[in-house]
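For clarity, chains are labelled A, B, C, D and E in written order, and residue numbers in each chain start from 1.
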Amino acid sequence: MNKNVWRSRPFIICCFVLLALIISGMFAVKAGKFYNPTTPFVGGKLQPPSASFWLGTDELGRDVFSRLLDATGVTLGLALISVVLAMVTGTLLGMVAGYDVLPIATPVILFIGQISVIFPVRWLPLIIVLLFGEHAFGMMMSMFFSLWGQFLWLIYDEARALKGRAFIQAAYMSGGTRWGILKFHVLPYMVPTVLVLATLSFRTAIGVISTLSFLGIGLQPPTPTWGSMISEAQPYFFQAWWLVLFPLLALVVSVLAINWIGHLLGRKWSVSGRAKLQKRGDSRAKSSIFT
Amino acid sequence: MLESKHLQKTYTWKPVFRPGVSVLAVRDVSLQIRAGETVGLVGESGCGKSTLARCLAGLEQPSDGGVFYHGEEISRLSLREARVLRKRIQYIFQNPVNALNPYRTVAQLIAEPLQHFRVGNQKTRMAAVQRLLDMVELPIDDMDKYPAELSRGECQRVNIARALILEPEIIICDEVISALDVSIGVQILHLLKTLQRKQGYGFLFISHDISRVIQISDWIAVMYMGLLMEWAPAAGFHAEALHPYSQVLLQAVPSLIPGEFVDHPSTAVEIPDPVFPQHGCPFHTRCPYATDVCRREVPAFRSVGQHTVRCHHAEAVR
Amino acid sequence: NQTSAQTGQHQTKSTSQGGQQTLVIDDLSETRDLTTIDPLNKDITLPRSMVYDSLFVKDKDGKLEPSLVQSYQTKGNTLEIKLKHGIKFQNGDPLNAQSVKATIEKILHPDPNEESAFTSLLANIKQINVVNQWTVDIVTAHADYILPQYLTNISIVDAKQLAKGNQYQTDLNGTGPYMLADWKRGQEVVLKANPHYWGKKPQFKKVVIKYVPDESTRIADLLSGHASIAADLTPESIDRITSNANSHVVTSPGDRVTYMSYNFNGPLANEKVRQAIYYALDRKTMTADVYGKYATPATAPVAKGASGYVDAFPLSDYNVAKAKKLLAEAGVKAPLSISLHVGQTDLDVAEVIQSQLKQVGIQVHIDVLAQGELLDPKQLNKPEPIMFIFTGLDNPEEDAYRIYAPTFSSESFIKPFGYKPSAQVAQLIQQYLAAPNLTERTQVSKQILDITKQQAAVVWLLQPANIYGVSNDIEWHVDGATQIHIQQIQEK
Amino acid sequence: MQSHPYLLDIRGLTTSFAVADRTISAVNGVTLRMHSGETLAVVGESGSGKSTLALSVLKLVQKPGTIQAECIRCHGKDLLNMSERAMRSVRGKDIAMVFQDPATAFHPMMPLGKQLMETVRTGTRKEKKQRVLEMLMRVGLPDPERQLRSYAHTLSGGMLQRVMIAMALLNRPQLLIADEPTTALDVTVQANIIGLLRDLKRQFHMGILFISHDLGVVAQFADQVAVMRRGNIVEYGSTEKIFYHPEHPYTRHLLQMAPRLGSELPSPVEIDRHA
Amino acid sequence: MTQGIIQAVQRLFGGLMMLLMVSMLLFFASRAMGDPTYSILAVDATQAQKAAFRSEIGWNEPVWLQLLVYMEHTITGRFGVSYELQQPVRQIIPPYLWGTIKLVGLALPLGILGGIVLGFLSLGASKKIERIFQGVLLCLYSLPGFVPIILAIEIFGVKLKWLPPSGSQGVQSLIMPVLLLAGAEAIKSGILLRTKLQEVLGEKFIVTARAKGVSPLRLQVQYLLRPTLSLVVSFLSLQVGQLLGSTVIVENIFAYQGVGSLAVHTLSTRDLPLLQGCIFVPALIFLCFRFLTDLVQPWLDPRLRQDGQRVMA
């Protein structure tokens, strides 16, 4: 059953959608098939979708469709990388701190972790970028750094809550080191929470990218990102719905796709007996507490 | 091989706004488990058997006294230092379900110790798992199940398999067969005995099933209210138990004769509470032989014949 | 403190009957009022213009009219002012020559840790002599005909209050039609009518100026009747307002000219390259594209009609061929790469410039900066060529000096980035200030512009209009003024 | 209410779990009947479906499990087709259950007292508490006052089991389903509990479905015995019959293996595993 | 228990130390941002004015001296005087902070409550419905902040005229911002809570409770929700920190006076003392919440309270 996750239809579809988005973003525009996404006034201002401008034009008469495509690669790429980085780091360090794997490191981890959550999500990037520079690296660091704290703290708390469980003691009896127990017992418990949090963070990351470009850091206009397309469309919300709707659709689709992938991966990595059974089981089973 | 000396364990519980209470779970217990021998531990429920076992296994730090393995104190080791001992000393939890991570399959759980100690590769581990599953009478099909899909007895067998896989010297079994039917129980006991014979395992066997305990043990230890009451060879224990409590226990064993139910007068007496232990012998409230001395002083642990007994009137009882 | 309790629910006429009680103005650019209301500090402040009177005002044709002044006379270097009698400050103190003197002196010699935006305007003033209680002589270094113009913008503060220290900064006490009722920093200023006002009775019992940073909320306030005027709108919102039956749009010419300048490094050190950039920009299309009809392409640093206006940068200058030729003459290799620093507000303009300059082979990289960072030497003093767009200098007096002095004089703000102010221009600017009449001033202005056009240090791009959404309950004739004049607004 | 011959009437009960690609029938067409005031003991192989049978009666089988039966009746009430809402009033009141695994069966974060009190359906807080204390006393728990405030993980296995039994008995159910209620108890306490159950049975005419591995207890306590193996009932009859005249080889095997004081550990007889 | 308290106190002190470090970081970051003169003074300010300003804010002093003064201000909690407003930061912040606290203090509990409701909705339903529900929640979550806000203003402010579109006085003008913030919180916490609830749903004690015939409400609150509380609390403490500064969009659109928008404004003017105040105070509040969380966790889960037991990690 587990192996099938890789081959299951939804998984393939989701991966395909994401890949298609990234690839189309990378190549379609460069191949010159569409309007140049940064050239103003290839069409009229704020034109609704039409045959020549599939998704309409924006306030500077740029083609929304090609902008959207152009934004895709960068947005998805950056957001995915930083979310995955934040997820892995936050989870690992959260568990390491929660279990005192390296007793000296624990206060340090928590210390740094606090910085990440103490600042509002959209704030920290500014400071980080100042430290690391305004290049892709700085951007990534800032996104990463503003996201990982949430993982760290939730996992930290969750991990500590698991400490009292008997099976953890049983694992010590089996000769588990702290690290081994984390890997073997704690991680599977965390996977569902972490994956959901990752989906949420993905959305945050896209917001952070746009905040950064709003503040003039990182990707500069006219290079579009989904987030900046959406936030730049705010003044035209009532006049030009297509400016908000299409990037938003792209965002929603990718969030859903990522959620699906997370769900399927979660099933692979940490199938709880129940989760697995629930899927297999007959949903008509009468014995639900809520019927 | 493994012994406890004057082991003491108190649980203190301090609620924020109320005065704290402390439970004297184990009081001054000294016992030894020798290679190739089985010690059967019986006693009142809640008298501290599990606590003692957990202290011996190193899962809990004794409040006083110590646990010695081959003469070396192990009860104050750090977790890291104690880790090597896990290969030697294994503990099978009284509650089989809680001791299994619900997110792991049976095979993964049984192979866990091998993984922690990096023994063998995936293939040899799976082979070992299959062998053990067979030993504990679980179908190979169950390998991919999750603990939630097993019955309690099956969980218990998974725990046994997991404890056995490292081939330890000492296994502390906390009520391992109580969740099993008699037939499988016997199989498992034979398995353990065989291992003991072949490899000189030492067992601490905690159970309420005294008849079984006597059958398989070399020594019997009887606990009451955290105190070790009697320590005696198992052979003939059912007839020669010295301590009044041991005798009460033996009398209360239900026979296999249908309908024969005896209400034991001694059981009707209120059971003392470990939080506020009274003076004197803890058993005096239920003891038919109780005298003033019993109410005043905790009896010493002394030898009477082959037995070691904590009773003022051991000779008289005899 | 009834007012402050009520301020939560300012209702305009639509909901309260019997005459308009309260005028609510939602605005954005007046944020500075909401960080401080110091009457002597910042440039355009709506509440200040309502609480205080100045010596002079401008009428709708831009002509100077006396306000607090009864009569005035220029004798050489001296401006003699006779004040109206019987005017009282809101705290009861009489308006007198001392107050005028004290106010101007306070501006000329601000506390070292304070700054006044007016100091440079009045820098010519040498001395102020109180002749009698209502007469004051202002002596300038040389004849200064613009001074009365500048005085239109100076609030006259009570001398007694000034003497008391900093209290005047928050405890507004003017001679104007309204008095301060309440001030919540960053939120709103509440004014109430001054019952003892010496001039025309104020129309509204109460005026509330609210800081509403988001445009759509300003419009929502207007459309829902929570505000009578929504200021600082963009052209895109106009449809939303006009499509509503209860509101209409009023526009007034803006007083700021958006311009572009350089850091004079690399190829930009070359005059020809800068000229090429100027010729390559099509201001007319740019304006139409970005602002539609709600802006005018700039043909001078000031608007048409302002004093000192000369059509020195005709729109017909747009000439790609010439630009290319100039570039070739300058000897720069074809794709020339230049950064363009811009604030968020002018991003659209920047993107148009980017595409226009591409035609002459200049590759522009847009870099969005916070408004405050734009002129930071740290950003501009880099070896690579940088252009920057700036939203413009305040010019409420609508006089070219306001632009010339900070741009081309030796105090030029682009000087730190490599601009070399010419002595000749500096001298012409002094001349301009001393010019006795408009014709002469215009002449000097033309000379200045000709020289600076050659230098091509600044490109004057366009002049956005002010757009207001106005409730149909009130009537407002803008009369060509660049800011809100409360007395122009009437209830219907 | 018309009187029904049977307190519990199960016919053709099959409970199956879909696991991976196959379906496991944990209980396979079981038919059982018991009268009020009667004790029916279910013994059998570990994993033979005893607990599942017990849960099926209350329709508490967890999600992947499905129950099929011809009928499940308690006092004539059709449990099988009863709505969840109606079941709720039956559970805990008419039919109470003692779970096999007290350590997981209690809410880990709620004081035991609270869990006990919420089981009592009638009366004021004080009355409830009184009743709970009384019941805890009867199951022989030391210092019940304190245990009310403590949490499940601080009690020993046997103590928890007693609390569990007390909880089930609080509402004086007509049918008590006790899944290995005495495994964690020492023999004296066990005798005590059995005595208590007997008294209650006599007093309230309570029926007990008693699942156990301890043949001694079964022999002393049960009226009827069902022997289960692999989801099936292989033998069913009165206690005397089962103990004195076992018919099925598995029953005989079990009896042979049962521990007796003073005897040797029986040698493991390979019994036909796939019968 | 006591051990836990000691730990929590230690953590609090660690947090305070960290605040100092963050302050220091802020100092260097703001140095790196550059001279505030340019962002605060008018474009056409004269050199003399600029010089006066610089000397007033001490920009010309050696860096270490500035840092020293700054840190002294930080430690004594004075925060210095705002460059832009020429007023002690301690006087400027309170009204803004109060605004934000009102907003967050109302929105957060409401949001968590809503999240709990959302978490429970469709929990027992079929797999398919559950996934659809989760999808809907995620879609809502993906909406950029301004969309629901602008729509709400349009509907309730402009069309229905029930509530004022802007302003920060009176209860009425609080309703919309609070509800919108709470909604966003609810969706976020709801999504997170659902996974946890699903985990709890499989626990054995749920079966026990059902076997007792516990009422559905009690079952959901005591048996399903209660075990997730530690996650909820931990999430809540995180959100306190996040929300205190993330209300910018709401504050901006509703023209609501709060720390968030003040901070953004301050950031662009490089007004270090005020900026520090804007960050420091919410951070301090967050730390306090974190401290409370550390204290509350063992109270929520008695299994964490074992002093006597060997600490297993």
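Assume contacts are C-beta pairs under 8 Å (C-beta built on N, C-alpha and C of every residue); 3 or more make two chains touch, one makes a residue touch a chain.
Composition by chain, UniProt nomenclature: A, E = ABC transporter permease; B = Oligopeptide/dipeptide ABC transporter ATP-binding protein; D = ABC transporter ATP-binding protein.
Bear in mind the structure is a predicted one, so any value in this text is a computation, not a measurement.
Chemist: Show me the overlap between the contact partners of chain A and those of chain C.
Modeler: Per touch definition, common to chain A and chain C: E.
Chemist: B-D or A-B: which has the larger count of contacting C-beta pairs?
Modeler: Between B-D and A-B, the larger count of C-beta pairs in contact belongs to B-D.
Chemist: Please list the single chain whose C-alpha centre lies closest to the global protein C-alpha centre.
Modeler: Closest chain centre to the overall C-alpha centroid: E.
Chemist: Taking the mean of the C-alpha atoms as each chain's centre, how many Å separate chain B from chain E?
Modeler: Taking the average C-alpha coordinate of chain B and of chain E, the gap between them is 51 Å.
Chemist: Compute the distance, rounded to whole Å, between the mean C-alpha positions of chain C and chain E.
Modeler: Each chain's C-alpha centroid was found; their separation is 39 Å.
Chemist: Calculate how many whole Å lie between the centre of chain A and the centre of chain E, each centre taken as the average of the chain's C-alpha atoms.
Modeler: Distance between chain centres, rounded to whole Å: 20 Å.
Chemist: Mind pulling the chain A residues that touch 2 or more other chains?
Modeler: Within chain A, residues 164-166, 169, 172, 178, 189, 234, 237-238, 272-274, 277-278, 288-289, 291 contact more than one other chain.
Chemist: Residues of chain C that contact two or more other chains, please.
Modeler: As it turns out, chain C has residues touching two or more other chains at 216, 370, 373.
Chemist: Quick check: what residues of chain D touch more than one other chain, meaning two or more?
Modeler: 17, 19-20, 60, 62, 101, 103-104, 153
Chemist: Which of the residues in chain D end up touching chain E in this complex?
Modeler: 55, 58, 60, 62, 87-93, 96-97, 99, 101, 104-110, 118-119, 121, 151, 153, 167
Chemist: Flag every residue of chain A that touches chain C in the complex, lowest number first.
Modeler: Of all residues in chain A, those touching chain C are 38-41, 45-46, 59-61, 213-216, 220-222, 234-239.
Chemist: Under the stated contact criterion, what part of chain E meets chain D in this complex?
Modeler: For this pair, the touching residues of chain E are 202-205, 207-216, 218, 222-223, 226-227, 300-303.
Chemist: Sort out for me which residues of chain C touch chain E in the complex.
Modeler: Listed in rising order, the residues are 7-9, 26, 35-36, 42-43, 112-115, 117, 119-120, 184-188, 210-214, 216-218, 220-221, 223-226, 370-373, 375-379, 390, 393-394, 405-406, 411, 413.
Chemist: Could you pull out which chain E residues touch chain B in their complex?
Modeler: Going through chain E, the ones touching chain B are 1-2, 202, 204, 299, 305-310, 312-313.
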